[in-house]
Structure formats: C-alpha cells, structure tokens
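Report on one structure; see the data block that follows.
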Amino acid sequence: MSASTTAPMTMTDPPTGSRMERFVWNCRYHPKRELWFAWWVMVIFYNLYGVLFFFVTHVQPPPSPAWDTPTVVQWFDDNGSGVIAGFAIVFVIAGLCAPMNALLAYSMRRMSVSPVFAYSYLIIYALAAVPGMLVMAMAMTVAAFRPDRDPEIIQWLYDFAFLSFSGTMGVFMIGSLVWMVAILIDKNRVFPKWFGYFSLCNALTEVVVAPAWIFQRGAFAWNGAIAWWINMVVFVSYTAVFIVLLRRMIEREDFGTGPLPELEAAR
Amino acid sequence: MTDLAGASPRPEQLSDEHPKFVPGQPDMWMFVLFETLLFTGYFSVYLVSRTQDREAFLGAQADLDLRVGVFNTIALLLSSWAIAGCVQAARNGDYPSALKKAFLTATFGVVFLVSKIVEWVRETRMGNTFTSDEFFSHYYFLTSIHCIHLLIGFVVLGVVIYQLRSPARRSQQLVETGATYWHTVDFLWVLIFALLYVVR
Amino acid sequence: MRRPDGELILLWTLPVVAIIWISAFFLFPGFLHPMSPTMSAAEVANFYQDETARIRYSMILFNWFGVGLIPIVVLLAMQIRRMAHRTPILSYSLIACAGGPPTIFLIANMFWLLAAFRPERAPELTQLLNDLAWLTFTILVPYLIAQCLLLALAIFWDQQDQPVFKPWVAYFNLLIAVALAPAAFTALASTGPFAWDGLLSFWVKNTAIAVWIIVMGVVLGQNIRQQRAQDLMADQVAA
Amino acid sequence: MTTAFNKRLLIVWVILTSLTLIYVVIDRSVDGGTLRASTVVTVSAIVIALVKVRIIFREFMEVRHAPALLRRITDGWVVLVGVCLLGSYFVGSAIAP
C-alpha cells in the first residue's frame, strides 16, 4: 500500500499560553487525543442518559406494569411532552455510543488476546443500542404522539417500550462475558482481574431481569425491587468502575510524542 | 494463565507462626464479597415480602420437604470439604490425590444438581410453579440463580482440574481461586437453605 | 487482485443500489407529497387499502436493498485507518455506526409492510402501524449524525502532508450533520417544518442523506482510484 | 501433616453437618402438621446459618491463615449479612399490615 501516509506528524511542545490555548493544542495535537475524546464522550453520554431517562422523560425509575389502562393513559397525559422532547434528544445523541464502544473494543485490542474479543464486543454493543434504548424511545414517542388513541393501544405501546428496554438483556450479558474472558486471560494487565469477576456479577444481574416478562407486580416485575432496583445499583457501580479503569488505562498508555508508528492497517 | 504459577510462594507447612497469605487471587475475594452483598439484597427483599403476607408464605412453604433441603446441604458441604482437601493436597504436592478430590467435588456437585432438578420437577407436579405464588417465585428465583452459580462452578472446577493435570501448569493460586469460588456457592446455599426451608 | 480493486467493486454497487432506492422512493405512494401526520385513522386506512400494491412492492425493494449503505460506511472506515491517527478508535467508531441506520430503517420498513398486509383491519391499528413506520423512518438519524461528526473529526486530526480527505470534506460532513439533526425532533409537531412531512424533517433530512451518499461516493471513488495508482507505481518500482 | 489437616477438615464437616441437622430438630419441635410463624425459629435459623458461613470462611476457605484485613472483612461481612437479614425481617414485621 501507499508509503506516503506515514509522513511524520509535526509535534511541538504544548504552548505555555492561556488555558484556552493549551486546551486547543491538546485537542489538536495531544498524542492521546483520540482516547480522551472517546473517554469524554462516554462520560458525557452516561450523564446525558441519566438526566434524560430519569429527569426529562421520567421513564426511570420505571412506572408500574400493574397499572390499569386509564392510569397508563393518565401517565402519558402528565409526561407526554417530556417523553417526546427527551427522546428527541436521545435520537440526536444516540450515536455517542459508537466512540464509547470503540474505546472498550480498543481496551481489548491492548490485551494479549485474540482480536476476536474486541470485534465481538464492538458488534454486540453496536447492536445493543437498538433494543436497549431506541426501540423504547420509538414506542414511547409514538404513544405520546397521539394521546387520543385507543387506550388499549397506548397500553400496548407502554408494555412494548418497557419490556423491550428491560427485557432485552442477552446482548449485555454476552457482551460482559466476552469482556470478562478477555480480562481473565489477558497477560498485559490492562484491567485488574477483579474487574473481570465484576463483569460476571454484571452478567448475572442481566439474567435476573428476565422475570420482567412474566410478572406484572412484585419484586420481579420491571419496576421491582430485584429486577430493577438491585440491578440498577449493580449496573451503575459497574459503569462507574469501568469509566475510572478506562481513564487509568489511558493515563498509562505511553505513546510518546515522536512520529507516528507505522499504520498497521496499511501493511 | 500459567504465568501466575508460583507467583506467590506458599508455605510448605502451616503452623501458627507461618506467614499469612490470602488464599487464591485477592480479586476473587472481591467477587465473593460483592456477590454476597448482592444475594443479601435478594434475601432482604424475600424476607420483607414474607413478613407482609405470612400466612400465604407459610402455606406455600409447607409444600417444601425439609429432608430434601438437608440432603442438598450435606451434598454441597461434602463437595466443599472435598475441594478444601484438594487445595491442601495440591499445596503438599500430592497432585494425584488433589485431582481425585477435585473429581469428588464435581461428583457431589452433580448430586446436588440432580437432587435440585428432582425437587423442581416434584414441586412443579404439585402445582407449585414460578408464577403460582409469591413464595414459590422467590423459591424458584433463588434456587435457579444459585444453580447458575453452580453451573459456572463446574466451569471453574474444569479450570482447576486442567491446572492439576499437567506438571507444566499447576498454579496453586488458580486452584485456590477456584476453591474460593466453589465455597462461595456452598455458603450461599447454606443461607438460601435456612431462608427457604427453615425460616418461619 | 489488489485490495483497492475489490473496494472499487463494492463502491460501484453504490450507484446501482442508489438507483433502486430512488425507484423505490418514487414507487412508494406516500413519499411524494409525504403523508401528513394529521390524517385521520380512516384516511390512513383508506390510503393503505387503495395503494396496497405500490406500498408492498416499493417496501419489498427497500427491504432487499436497505442495507446497501453498510459497505460504503465500512469503506469510509478503511479510509480512516489510512489517516495519521495513533489508535484505530475512530475507524472502530464508524464500524460501530454502520449497522445502525439500516437496522432502524428495517424496523420502519416492516411496519409499513405490516400495515399493508391486512389493510382491512381496524383503522386505529393501521394508523398505529403507520405512526410507528413514519416516526421510526424520520428519526433514523442518530447514527448518520454520528458518522458525519466522527468523519469530520477524523479528517481534522489527519495532520499529514497529503491528508486522506481534503478539509472541505470535513466541513461538508458537519453541514450534513446539522441538516439531519432537526428530524430527531419530529414528534414535537404534526404540522409545520418539524412535522414528519415538513420541510426540515422530510425534505431537508432526505435530501441531506442523498447528497451525502452522492458526494461521499465520488470522494471515496477518487481516493480508492488514487490508492490503486500508487499501488501500481509501487509495483513497477519494485519490478 | 496431611492426615492432620484431613482430620481437621473432617471435623469441620461433621460440625457443619450437625448444625444442618439441628434444623430438622427445630422443624420437628415447632409445628405439628401446619407451619406457624415463629420469630424464635426465624432468628435461630438465620444465626445458625451465619455461624455455618463463618466456619466455612475460616476453615474451608482458609481465612484463619489469611492476613488480618481479610479476616476482619469476612467477619464484618458475616455481621453485615446478619444485620441486613434480621433487620429486614424485623422491619418487615413492624410495617406488616
């Protein structure tokens, strides 16, 4: 392939000027700019996700599956505009998942394991956004879009939204297990082993959500103490932990500031 | 994985003055502690729901046979005992005996699994299913999530046996890590047993 | 056969697929004068009863060829790999985006086909399927926006003597991303520019997608041909 | 050496099994025919289970040879689990209709 692509990148020392100048320099020339970009996208994505799902659309913590039809319609009357506006922003930002998954896949490329792990994870999580977020957003939007619809249909959309969101857990379970195996057999110590075991915990809590398909009330329903609250605690701590661990991984990366290493794709 | 072999030397003889050590990877202990917390969460939800409707729970609980639970517990305790022996045999370099005890562990694990399945079938025949009442929802939930841990335990035992088989591997740390996981499966069952079969 | 040769073949699928998309677009009776969200349930049901055949055949065409965009996005990811980056993160990101738009489009496509499958059903249900199809179709932008932004960023960071893409491609992609964004807000209104048949949500969004496909197809073609010429030269030098 | 350890493990197993069998005795003594709610049975069942868990920690899982930190954490955990279980039982009973 072409040899012209390996032109050296001109690297200078960061300027000593104002904070703004340094920030701009870092954005353009910092050797780890791609990693930090993906990391910050991840942090921003999860924050937006939390704000949009908990405070704008009010779909988290989830309303009850035990409600009768008039109550569900009433819920849409109360929250309809928040649902539409919040999910509209979700539709704009959902693509932020991509750099985030790319960073997780990259972490696996740094390990002493086959690239199969990174690519599997990338594809699994690229798929995960559809049942994990977008189907729910679409069903809720459609339900809120025409509040004068037949109440039975509104309730069907409500069930569709929450069950697709809570009940589709296989992608996350298999994804966590792929990551777990990669971490446990990795010799480069990109992640600590305990995080591998923690991934197992996370995968097991995904199993626990399955009864949401079966129960309309109680601890195992989609808003239940076991199927939602305990899982949410595990998921939030898992996410917080891997955000911190990825930050440490990026800090440890030693790219130097010299010319680029030969582009692997071209060879 | 074999690079971990001998990473932390083990004392040949254990006495009161021996140097202190963490059995297995410390990472596995974090798993044990976290998983215990998670189960404590499930147990607490169960106990609270139980106190909200005592009569219904007691009525359903009467269909459980305590003797089956006792048999389950003893089978798992035996397997725990066997794997503890396996760790000590491996530590003393007696690998044939360690291997034998690892297989013994798996055998008792299978005994537990089979008796559990027999019990599930019996309860289902009696009309007690996952959805029939709240007690049995919790019963099937706790026993199956525990069973998933047991199945993962068989994978872990497979790793232990794989380690023990060849002189080229034999990482004592991995053997201990696997044993720690297996004991966790055991003590979680001890708690589940008390909560499902005995608590009134 | 060199690598760029195969890439060129994949790229030449684009005009073929694009012609099929355009034909299907005109064949579907609800796109020219796009159906209004203000139509009543009875009107929607009548529409599906009257136009059943054209809806079915156009949507079957879309069902076959909707995923045709994926090779193009992956070709772009391959171009990003040639850029002066230190990590493959941006090309991974583009690959992670590639499946998104066709998946969402296929969901919309299935709702249209379902609505046309039994048009004699209760009008309320046909209207529900029609809403699901139109809203899903209109909000399929998230991954397209992300693709444009990531590509622009990748081009800005490609600091070498002969960058893979010229800087205007980055600005063009930013412009497209801006043009696509309003469509996400379509459910806020059933009339006006944001409604799913409105100026922003339908005309601007779909034109932006079409222009992006044409322009990026041409730019990709130039790049791949350039690569092929360089390869040939390298071979001659070696010989 | 090995036999001494095996003996100790066997004794531990015998103790654990006898603690399990105590449940049968408790079970027999409290109810004839139908089950009845009983705080004494509940609390003793939980406490016996926790004692067994601690024995498994100390003996089978070899925590007694572990550094003080792990010993304290596991003991703390047994207490924590106990507090949570008994706490949910009593709080649940208090708020029961």
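A few points about this structure:
Should a chain be cited, it is by its letter among A, B, C and D, assigned in written order, with residues numbered from 1 in that chain.
As a working rule, a residue touches a chain if its C-beta (ideal position, glycine included) is under 8 Å from a C-beta of that chain, and two chains touch if they have at least 3 such contacts.
Keep in mind the model is a prediction, meaning the values are calculated, not measured.
The minimal number of chain-to-chain contact steps leading from chain A to chain D is 2.
Among the other chains, the CA centroid farthest from that of chain B is the one of C. Across the two candidate interfaces, A-C and A-B, the one carrying more C-beta contacts is A-C.
If you average the CA atoms of chain C and of chain D, the two centres end up 61 Å from each other. If you average the CA atoms of chain A and of chain C, the two centres end up 23 Å from each other. The distance from the centre of chain A to the centre of chain B, with each centre set as the mean of the Cα atoms, comes to 32 Å. The distance from the centre of chain B to the centre of chain C, with each centre set as the mean of the Cα atoms, comes to 52 Å. In chain B, the residues that reach two or more other chains under the touch definition are 45, 49.
Within chain A, not a single residue touches two or more of the remaining chains. Touching of two or more other chains is recorded for no residue of chain C. Chain contacts in this assembly form an open path, with each chain touching only its neighbours along a single line.
According to the touch criterion at the top of this document, the contacting chain pairs are A-B, A-C, B-D. Residues 1-5, 7, 9-10, 28-29, 31-35, 37-38, 84-85, 87-99, 101-103, 105-106, 109, 122-123, 125-127, 129-130, 134-135, 137-139, 141-142, 144-146, 149-150, 153, 157, 255, 260-261, 263-266 of chain A are the ones touching chain C in the complex. For chain B in complex with chain D, the residues that touch the partner chain are 13-14, 18, 20-23, 29, 33, 36-37, 40, 43-45, 47-52, 54, 58-59, 61-62, 66-67, 70, 73-74, 77-78, 80-81, 83-85, 87-89, 92, 94, 176, 179-180, 183, 186-187, 190-191, 193-195, 197-200.
Residues 1, 3, 25-28, 30-31, 34-35, 38, 41-42, 45-46, 49, 130-131, 134, 137-138, 141, 145, 148-149, 152 of chain B are the ones touching chain A in the complex. Across the complex, chain D meets chain B through its residues 1-2, 5-6, 9-10, 12-13, 16-17, 20-21, 23-24, 26-27, 30-31, 34-38, 41-42, 45-46, 48-50, 52-53, 56-57, 59-63, 65-68, 70, 73, 77, 80-81, 84-85, 87-89, 91-93, 95-97. Partner chain A is touched in their complex by these residues of chain C: 3, 37, 78, 81-100, 103-104, 107, 124-125, 127-128, 131-132, 135-136, 139, 141-147, 149-150, 153, 156-157, 159-162, 164, 181, 184-188, 190, 227, 230-231, 234.
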